[in-house]
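Please find one structure pasted underneath; my questions will follow.
The chains carry the letters A, B and C, assigned in the order they are written, with residues numbered from 1 in each.
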């Protein structure tokens, strides 16, 4: 099935020449004028859909596919069934992304301001912004051109957003300065009070005022219900192009470089610094006050308690070089199957 | 203490005959006409309360209890104190659930539409729906009869919900088609953009349009602040009767069968498929593109990185058959206590 | 850089005598009249800022600092550069917190009620409350004096809050009785339905009505998007002064004593009881029906499956006494580096 047009706009039909150009692909001769209306998986695609082959394990589906065109790597072009156009690209998924965005363009700001939106004093809205019902934009906030502010979204006093930002349904942003093309998915919480307090001898926790901000670089995307606390004194910084999945937690004063990827339910504790293009997989955690070098990668569910050098993959808890962490994982599997373990005295948890 | 009637409706007094019938229990002769007003724990119950005995460790509390009636298994009926009615049921907790729901019925839709609710063009609301203050239901959405839409809840364009759904305070649903009796608890996020992108050679992450939907079967319940991303091309599917606890994260294209149970803070990565009645315990994680067979169970905090056959219990990280995983856990405990470990050279983390 | 006054109020300039008095510090003779306007890190502070030295590793920054005054321990007072006032305090961070709160006072309720706020019948608001746009306070709720109810916050029917509570943007509270000075950060969910159900032989999950409440003691602070489910029969209780970070999950019937600290993404399963001043670090999990003694501490990412005695530190999964858990962690590191592990047969996950 192609995309459900109740939920996704469809801009087609578009000629293959146009789609291929957007993807930087040369279409096979004679196919330039073929018209396409949508994208779909190999199984679901029909003659007017573009599909793509991500890896060789999908080859059987390719052979059965009725897709009108398939984006794939050169090595797999021979497996395309008759009648299907092979669109060869060095990165099929990237080319597919660009084609899909032409056929099903993301919603653009419609320039309307819902009458129920509460816009504070001194707010500056760039041209063409779309402001949804019950959005609240507090005094002094500044938004660039063509931003989308969803239903119930809340932008706190004096926050700054650049052009073409999307602050979606129920997102909250306070104490925040953001660049262009920033997306806050539903329920994201930007700029909440960090977890900072001092404890008296009697055990009373006294708040240390959290006096920093959150800085979001151009193109940052923040997942649903993800939380980025504001800095305590310095700022919390998310570098340009970084993407955070849902339910991620970023503590105060954390700094991410450019293009980092933080997968769902991962957490980074206060004052840790990540370089550029760091990847943190799902449910991983990184302790506070660490330095993670550029292009390092942290495996899923890992717990990082030491600095990680540039380019290193780490895995496990405590996180260690991935090769070592995988050895430990293999040893655990072996231990589980071993007779020696079976002979161990029972413990309460066994 | 019985339920606080400031927060929970009370429908009593009701005769035991009526309560027992709802639970499929035969009340002891002569007790049918006794009247009850509430339910309570064994310790808190008084003569007009029904209580229940979950397991044998509660027997001491039973002997001290002043409850008017106690639901319990046949084997424990002899321990009921004088003056307390023993209500014998094969599943005491299930029988108790049905009795409690009679005495303290869940809120039903009151049929009122708050004047501040924003209802878009072409929206169809079934009879008897209750729409709370500042709810936003966008153009073309369809809700069945007797739905409750809480304060600030947001239903996106063209979403479909069946009868008697509850979309509670601050929940968001977009790109979603849901059956009957679906509950979205506060802050649940349904249909947000999945985490899909391709990366250019220069390190720019380019969004792969997420063109699928979320399908929720009849009776699905989604916990507070839980996120279910919409599919990328296929749909994300939650089978009928499945229950998700708070802060669960479901990635794009994931498919759950019927009656699955996903406990708090667990996460399932993109495109993984679960059969029917799978249980995933708290804080567990399942990698993407896996198949988890029906009635499999994943232990708390486990990390599943391989397919799991039908009916298998797995535990640990990497998750292994539960018996093996528990062996490993026991071995870790033993290692912690061992002199050999104590003699190991100190490392930075020690 | 000192605090950005677009986002943080500044009450200065204030004389050092006043600041020092709030912190219980005797300022050096002759410095009492010096005026200060803000606080800042050692690197960022200028002559009109107060800074602080948290630990000896910051000594190099201290020597370079241009701060007008620095709060520090007596042992480090000698390292203060010329022209900087040394403010000696037994707990520098605590003294700094008190000084920062004078110079940058937290927002107090401004007594205004936004015209869009929906206030139900019989609601009692104490004097001086601030009620934000689109806040919803349902029938019968009672708030004490000087509370702040943020934009879109939702207080359910008959809920009770004491004086000077902050129910911030998008927070939800139902079935809740709270003391004074309670803070709910954005997106916190208090009183949602707990995860309680019984399953029929056919696999249908039947809700066990969740008939308890949430009780929040004086001074409790709840982080962004954190969830505290209401009790099933008994109440869920968070003791006075306890602080919960973002994305924490507290199951039904859990009871925390006074002054507990629960760090981000940690979870506590149903009916577990914590004593006073228990610390649960990030991403840790505690099984249900356990007892954790006062002043116990649970390490990050640990999984607690047994009771923990008073004052014990535990670590690991399964959690064991911290000394043992750290031994296991060290053994894992050693195993990862060992040749023996390298010689192990390859497994699928290796």
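Keep in mind that, in the parts below, contacts are C-beta pairs under 8 Å (C-beta built on N, C-alpha and C of every residue); 3 or more make two chains touch, one makes a residue touch a chain.
Note that the structure is predicted; figures quoted are calculated from it, not measured.
Colleague: Give the rotation angle, in degrees and rounded to the nearest 5, that superposes the C-alpha atoms of chain B onto those of its identical copy chain C.
Modeller: 120
Colleague: For chain A versus chain B, which are copies of one sequence, does the interface use mostly the same residue numbers on each side, meaning over half shared, or is it different?
Modeller: Different: fewer than half of the residue numbers at the chain A-chain B interface appear in both copies.
Colleague: With chain centres defined as C-alpha means, what is the inter-centre distance between chain A and chain B in Å?
Modeller: Distance between chain centres: 27 Å.
Colleague: For chain A, which residues are shared contacts with two or more other chains?
Modeller: Chain A, residues with two or more chain partners: 134, 152, 170, 187, 225, 247, 265, 283, 318, 329, 333, 349.
Colleague: Within the complex, which stretch of chain B touches chain C?
Modeller: Touch residues, chain B against chain C: 3-4, 6-8, 39-41, 44, 91, 93-94, 96-98, 100-101, 104, 106, 114, 116, 132-134, 150-152, 168-170, 185-187, 219, 221, 223-225, 241, 243, 245-247, 258-259, 261, 263-265, 276-277, 282-283, 300-301, 305-306, 318, 329, 332-333, 335-337, 341-342, 344-347, 349-350.
Colleague: Chain A touches which residues of chain B in the complex?
Modeller: 118, 134, 136, 138, 140, 152, 154, 156-158, 170, 172, 174-175, 187, 189, 192-193, 195, 197-200, 203-209, 211-213, 225, 227, 229-230, 233-234, 247, 249, 251, 265, 267, 269, 283, 285, 287, 303, 316-318, 320-321, 323-331, 333-334, 348-349
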